[in-house]
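Structure first, then comments.
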C-alpha cells in the first residue's frame, strides 16, 4: 500500500533509513513482542488501536512510540492501572480517561464529521462503557449527543429526548441488566443502532450475558451488537458509518 | 383437613364406602401410577392440575376420573396428541383447546372474580402461551383483557392500550425473543406483573433462555417470572393474586 | 401526570421556580449522570429506588438529594462500601443496614398495611437476602413474619411454623443450594409465593443457578421467581400484592 | 405521524371510512391476533416485516392483506412450509424463495440505491443464510455483490475478490463453524462489516454459538454482529447504512 | 482371575476348546465390534450390562450370545426399537420391558437379597426411569418397594409412606422438574439415598439439568447422584449397597 | 421422636426446664438466625452438621453451643477464616483442620466401625478435598485407607494398591481435571464408589464441571457422584453405607 | 503455486483452455455456490475435502466433478442421505461407507505409508466415528490397527492390546460418555495421541460435551483434541503426522 | 520396565538400597502426598512434569527432589508465587521463567532435535502462553521459531513470515479472543498445527471459551486443540511429534 518507488527514491536520497523503509514496505514494525501494523490506516481508515489488557507497561510505551513516530494518533483501551504512570511519563500530551480506562494521544486534530452520533445509555451504572464509546467517537472527530439513564422502566425519560436522538446519523445504545433499551430505541429511529451490552447487573445477568442475548434477539430491525462492555468497538464502528 | 368425625359417621351409616373414607382421610387416592391429591383445594385453594406431558392416555383418563368423582373441576396442561381422543371419549363435556394444548372440564361454574386480569403478549407467535394463561384465568372464574402483538418495536401499540391494562388488578406479560415487554409494562403500571418468557425465537434465543434472562434482570420493579412457556403457571398465580 | 394547570399557576405566583416546574412537567430531573424519575410513584405506586452497584458515592448522594428534595422516601440497594460514609454524612437520618447492604431514609412514615408478609428462609447463610426482603417490606409499611433456617432437610422446622405462615397474605421464600423450599411451602399455602434464589452454595450451585432453575421448575403452582439474591425485588412485589 | 386534519377531511368527504381512519390515526390495525404496525415505515424507514415462524397460514395471509391494502411492499421471513401455498394462492404476485424461506411481494419497485452491498459467505453450506441477506438487500433496492465459499482455509479465494469487496459501501459476512471470516475481512476493508453467524457445523459448534462468539470477539474493529442465521437482519441493517 | 491351571487342564482333556480357553484367559471375547468383558462379574460382582443406544440389532444379538454362552444373566438398557424383534427372535426367553426400554434374560435365578430397596418417584411422568431402576433391582434379586407420585407439592403423599420407606435398606429417589424430592426424603431417612434426576419438564428444566443441579446441591446429607434418566445406574448401585 | 411422657415427667420433677422441654418436643432450638435440628440424629443417624460458609463467627459459636449443650459431636465444614479463632476460644477442645477447612469437636468417641473406607485421590492438588472426606469418615468412627496421587496417567500407581482398595467396604474417589479415576476404579472393584469431582484444573475444567460431567457419565457401574469439592458429603455417605 | 510460464506455454500451444488456465492461476474454480480450492494439495499436502452437511446433491456432484477433472482423489464427509444416489450415479467408482457417512473416490492409489496408525475406540457405539477416522487414514494410504470396545471399565481389554498400540506411530482414541480413554492410553504410550470425543451418551453427556471437556483436561501429556464426532479430522491429522 | 535381575543384583551387591530398589520396581516413589512416577520416561518418553497449581511449596520441593535424585530433568508448570523462593533455595541451578510461570531444572542437556517448531501467537497479550509453549519445546531440546502478534486483523504480518513457518516441522498457534489464527495458518501449511486457545479477551470471550470453540470448529484440516492457556501441553506434544 505504500508507494514503492517513492520509498526507494527516499532511501536512495538518504532521506529514509533502510530500517524505516523496511517497516513501510512490509507494513509493520516488529518490536519482538508486537508487530505494529502501519498499514492499518490505509486498509481500515484508522490506525491500529492498542488493546491494553494483558500488556506490560513497557510494551504499551513501545507500541505508542512506534505509532507516534509515524504520526498516528493513538488510542489505547482497557489500560491497566500499572501502565498509566509510565505512559503519561513517556507521553506528557497523552490524556488518561479514568472512568473509561482509555488513553488518547492526538498528534493532529481528527477531521471533523458533519453529523452527530448519539450515545444513549440505560442507567447511571452503564456510564463507564458509554463514556468509552463517546470518547472513541470524539477521538475520531465526531460530535456526539449523550443521553444517560434513559432506561425502559421510565419511558418518558427516553421519549423526551427522541427528537434529539432522531437528529443523529448513528445511534449507540448501551445497556446492562435485561438490555431492552436497543429494542425500544430501534423501534423509534431510522438510523443504524449499535447495541452495547454491559456487565452491569448481578445474579442471572451472568456478567452481561442476559443483556447480550436480549440485544441479539431484538425484535426491532436495524440493530447489531458488539461484545459485552465493548464501548470502543461501538464508537469505532459508529465513526465508520458516520463517515460514509 | 377432612372432618374426621363426620367421615366416620358417614361410614357408619353406610353413606360412605371404606375405600372412599380412606381416600378422604389420607388426602389422596393411590392409582398405582399416581397419587391424586384430594386435599390440594383445601391447602392451595384449587384442586390438583394434571401435567399432561409424559403421561399415557389411560393414566390421564384415570386421574381425571379420580378428580371428577369428587366433584373437582379439571384442568389438564400440555396434553399430548394421543390423549385427546381418549379423554374426550371418556368425558364428553370436556373441552380441548388446541392452540394452548389445554383440556378443561367444569362440573360447576367457578366463582366469578370481580376484577380483571390483563394478558398482554408481545407477538402473534407468542399466542399459544398467552392463550394458556388466559384460559387458565377464565377456568378459575376471572374476567380477562387480551392484548396481542404489542411488542416494543412499535410502542404505540402498547401505549394505546395502557389505560385498559391499568384497569386490571394483575398483569400477565408474555414475550419471546428478547423478552423486553415486561420491563416496559412494569414501568407503566402499579399492579403486580407476572412475566412469561416463551420459546419463540431462534439462534441465540436458546429456546427461551434469552427472554427468561431478560425478565429475571428486569430493571422495572414489581415483576416476577415463571418458567419458559408456562402460561398455566402465570394464570394460576394471577388468579390467586386476583382473589386476595 | 402532574396537574398542568396547577403547576403553571404556581409558577405564575412565584411559588414554584421554572426549573422545578420543568422537572415536574417532564417527570424527571436530569443530573447529567442520572435522570431521576419523579413520576414513578404516580405510575408505579412507589418512588424510584436507587441501585447502588456501579455508582460513585457522589452520584448516590446527588440522586438521594433529588428524591429527598421532593419528599420521597429513599431506598438504596446494593450500596457499595465506599458510599456508606458519604451518604450518612449527607443524610444523618438515613439508616445503613449492614447485612442487607440497604440504606433507607424515611421522610414520612409509610402507610401501614393491615396484613402480614412472611419471609421464610432456608438457611442461616441466606439471611442477608432475606433481610433485604424483610426490610424492603417494612420500608413500605408492611408488618412481617420472619422464619429463618427452615430448610427441607428438617421439615419439622417448617411444619411447626406453618400456621403462622398461612396467616400471611403473601409469602416470600428465600433459599440457596437446591432451592427446594419454595416448592414445599408452595404446596402448603394458598397465598402467592415469591421465590428468591440465593447464591449460597458452592460447586454446581453455580452462584445460585441451581436454586434459580429449581424454583422456575417448581412442581407447586402459585410460585413465581425473581433474580438471584434479589431480596429487594421480592419485597417490592410483596408490598404491591399485599396492598391490593 | 399521519396528518390529522387531512385524515379528518377525508372522513368528512366520505373518501375514507371511519375504520380506516382509526387505523391511520392509531398507527396500527388490530386483527385480534396481530397489531399490524402501519407507522413503522414513517418511524423506521421501512414497513413492518413478517416473522413467519410460529404463525398460522391464516394469520400470515391476514397480515399480508393488511399491509398490502395500504400499499406496503411485503417481506416475510422464516415462512413455514404449510404457509407457502395459502400465501401464494392469496397473492399470486408474491415470490417464494425456497432456499432462504423468504416470501416477497412488491407492489411498487423500491427506490434503487447507488452503492453496492457485498455479501460474502464462508462456505457453500452457509448459502441459505447468505441468500436471505442478499434477497433482503435487493428487496429494498440495493445492488449486491455475492461471493460464496471464500472461507479462511483457502485465503486466495477471498484475496482474489478483495478489490470487488472494497468497492462496496457495506459488507455482510456470513460464516458458520469457527466464524473467522468477518475478522479477516474486517482487517482488509474500511466499510462497516455486519457479521452473521450461521448454525452450520456440528459438535462443539453448538448450533452456531461458536461462530457467534468468534464474531463478538473479533480482533478486527468495525465489525458488529446479528443473531445466528439472521440473514434478514443483516440485510435490513445493510440497507439502512447503505442509504445514509 | 480365571484359574489358570484348571483352564489348561480342561484344554488338555479336550473339555475346553482353545478358543474358549483364550477368552477365559484374556478375560474377554473379541467380536470385532465389541470386546465382551467376561471377567466383569469376578471384578465387579455382576456381569457386563449392554448399553443399547447406538448399537445395531446384530451387534446386540452377538453380544447377548457371547454372554449367554457363558451362562451370564443378560440386562440390556436403552434398547432401540429396531433391536427388539431381532433380540426376542434370537432369545425367546428374553423379556422386553417397554416403558423402561430394558431387555432382561435370566438363565438362572439371582440370589435373593434379604432387605428391600425403595424406589420413590416424584411424578407419574417419571415412571419410565423409576421402572428402569426397579426392574434393575429385581433383576439382581432385590425385593423392592415402589412409591409413585409422591412429589413435594403434596407432602402428605410422601409422609404417609415414610414408615415403609424407612424399612428399606437403600432408597432410590427419582424426580424431574426441580428435583426437590431427594432432599426431602434425605432429611427423613438414615439409609443411603441415590438420587436420579429425570428429563421430565420443559423450558428451564433443560432436559433434566435443573433436577440434576438440585440434587447435587442437596442440603440433606447422605444423598449421591447418578446421570439424568439413569435408572439403571441407580438400581445397579442400590443392589451393590443392599448386598453389603 | 422424643419420648413425650418421659419429657413431661422430667418437667414435672423439675429435672428439665420448660425451655429445654420445648426444644426436645419441637425437635429444634430456635436461635433466631438458625433453627438447630435436634431430631436429626434420630431421623438421619447423625447430628446436624454446620455449613460454615456465609455464617458469622457468632452464629457459628451459638450453633455449636446449642449442639454441644445436648451432647452432640460437632462437625463444621467450610469454616471461614474469621470464625476459626472465636470457635477455638469458645471450644478449647475443638480441632481445626486447616487443609480441609473442617472443625471437629468430639464430646464422646464415635462408635468404631469394623470395616474400612478407602479414600483414593487422583493428584496431590486434590488433597484438601480428599482430606475433608477422610476426616469426615474418621469423625464418624470409620477406619480409612488413604491413597494419594494415583491418577490415570500412571496406572501402576493405582494398580499397585488395588488389593488394599478391594479390601475396603466403600471407596471414595476424588479427582479434578478430567475426573477419569472413578471410572477406572469403578471397573476394578465391587464396592460402591462415591465420586467427588474437585475444582482442580484450569481453562476448560470450568471449576470442576469437566470432572463432574465425566463422573456422571462414567461407563463403570456402581458409581454415584456428589457436588464439586464436596468431600464432606462423600464421607458422610460412606459412613452411612459402611454402617449398614 | 502453479508454474506460471508452463501454464502460459500450454495455453499458447492450445493444450490448455483459457478457462482451465484461469482456474490454475487463481487456484480455485468458481462454481457460483463453491470456490473449489485447487491449490490446497500444494499448500496443505492433500486436496480439498468436501463437507457434505448442508449441501445439495447437485452441489456435491459438481464439486466432485471439479476435483475429479483435475485428478484429485475425492473424500466427502457427513454425506447426507439424499446425496448418496446422485453421487454414486455420477461416479460409479465411488464408494459409500454407510456407517461413517463417507464417500471416497480414488483416481490413483495413495502413496503407502510405512508406519501404522492405531484407532482405539472405547465402546461399540463409538464405531461410526472410529470408522470415519480409520477410513480417512486408509484413504491417504496409511495402514491402521483397529481396537474396538476397549473402554476403561474393563482395563484388561486395553492392556492386552498395548504392545500392538505401542507399535504404531500415531494413536487416535475415540470415546464418548466420560471420555476417559485418551488419558489412560496417553499415560501408556509415547506416540502423539489424537483424542476424538463422540456424542455417544445421554443426559449430562450433553451431546459429547462431557467427553470433550474430559479430553481437554487430560492429565496425560501428549494428547490433543478435535471436535466432537470429528473422526475425519483425527484421521487427516494422523496422516499428516505419520508422514513426517 | 526396570530390569528386574539387574536391580536385584545391585541390591545383593549393596550398590542399591532396598528402598530405592522398591521405588524402581514399583515404578514410583510414594511421598505420602504424591506418588512420583519414575517409569514415565520409559513409557512416555519424558519424565513426569509437575503441575504447580494447588501444591504447597514443600510438596513442590519434595517432588523435585525425588525426580532430581534419579537424574530426571525437571519441569514445573503454573508455579505459584509462594513456591518460587523455596524452590530456588533448594535448587540453585533451577530457573524461574516469570512470564510463563515455569521452573526448569536441567541436570543434563536434552538431546537436540534436528528440526524446528514454530510458535506463532496472535497478539502481544497472548505472550505468556506462547512463552510457556516455547520454553517447553526448548526444555526438550527443540529449536524454535517465535512469531508474535501476527493476528488476522493484519494478515500481512503473518503472510510475511509464512516461508519461515513452512520450514518448521510442527506449528503451534496461540490465540485468544476469536481464536481465528489457527484456521488461517492451518490453511497455509502442511505441518501438523497445535492450536492453543488463551483466556485473553473479555465479555463474551468467557475466559477463552470463544477461542476454544473457534479452534475446535476450525474449517482448516490438520488442526488439533489443547486446553485453554495450556502452552505446556502444546509444547510437550510438539516435541513428541518433532521427534518422530
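Which chain is which? They are A, B, C, D, E, F, G and H, in the order written, and residues in each are numbered from 1.
Note that contacts are C-beta pairs under 8 Å (C-beta built on N, C-alpha and C of every residue); 3 or more make two chains touch, one makes a residue touch a chain.
From a predicted model like this one, the values you see are computed outputs, not experimental measurements.
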{"item": "Same vs different contact residues, chain A with chain C, by half of numbers used", "value": "different"}
{"item": "CA centroid of chain D to CA centroid of chain H, Å", "value": "49"}
{"item": "Averaged-CA centre spacing for the pair chain G and chain B, given as whole angstrom", "value": "53"}
{"item": "Separation of chain D from chain F, taking each centre as the mean of its C-alpha atoms, in whole Å", "value": "59"}
{"item": "In chain A, residues with contacts to at least two other chains", "value": "43, 123, 153-154, 186-188, 203-205, 209, 212, 216-217, 220-221, 227-228"}
{"item": "Chains touching one another, given as label pairs in label order", "value": "A-B, A-C, A-D, A-H, B-C, B-D, B-E, C-E, C-F, D-G, D-H, E-F, E-G, F-G, F-H, G-H"}
{"item": "Residue numbers on chain H that touch chain D, as the complex places them", "value": "122-123, 151-155, 177-180, 183-184, 186-188, 201, 203-206, 209-211, 213-221"}
{"item": "For the chain D and chain G complex, residues of the former touching the latter", "value": "123-127, 148-150, 153-154, 156-157, 160, 200, 202-205"}
{"item": "Sites on chain G touched by chain H in the complex", "value": "43-46, 49, 169, 186-192, 194, 212, 216-217, 220-228, 232-234, 236-237, 240-241, 244"}
{"item": "Sites on chain A touched by chain H in the complex", "value": "26-28, 32-35, 37, 39-40, 43, 48, 51, 53-55, 59, 63, 78, 197, 199, 207-209, 212, 227-230"}
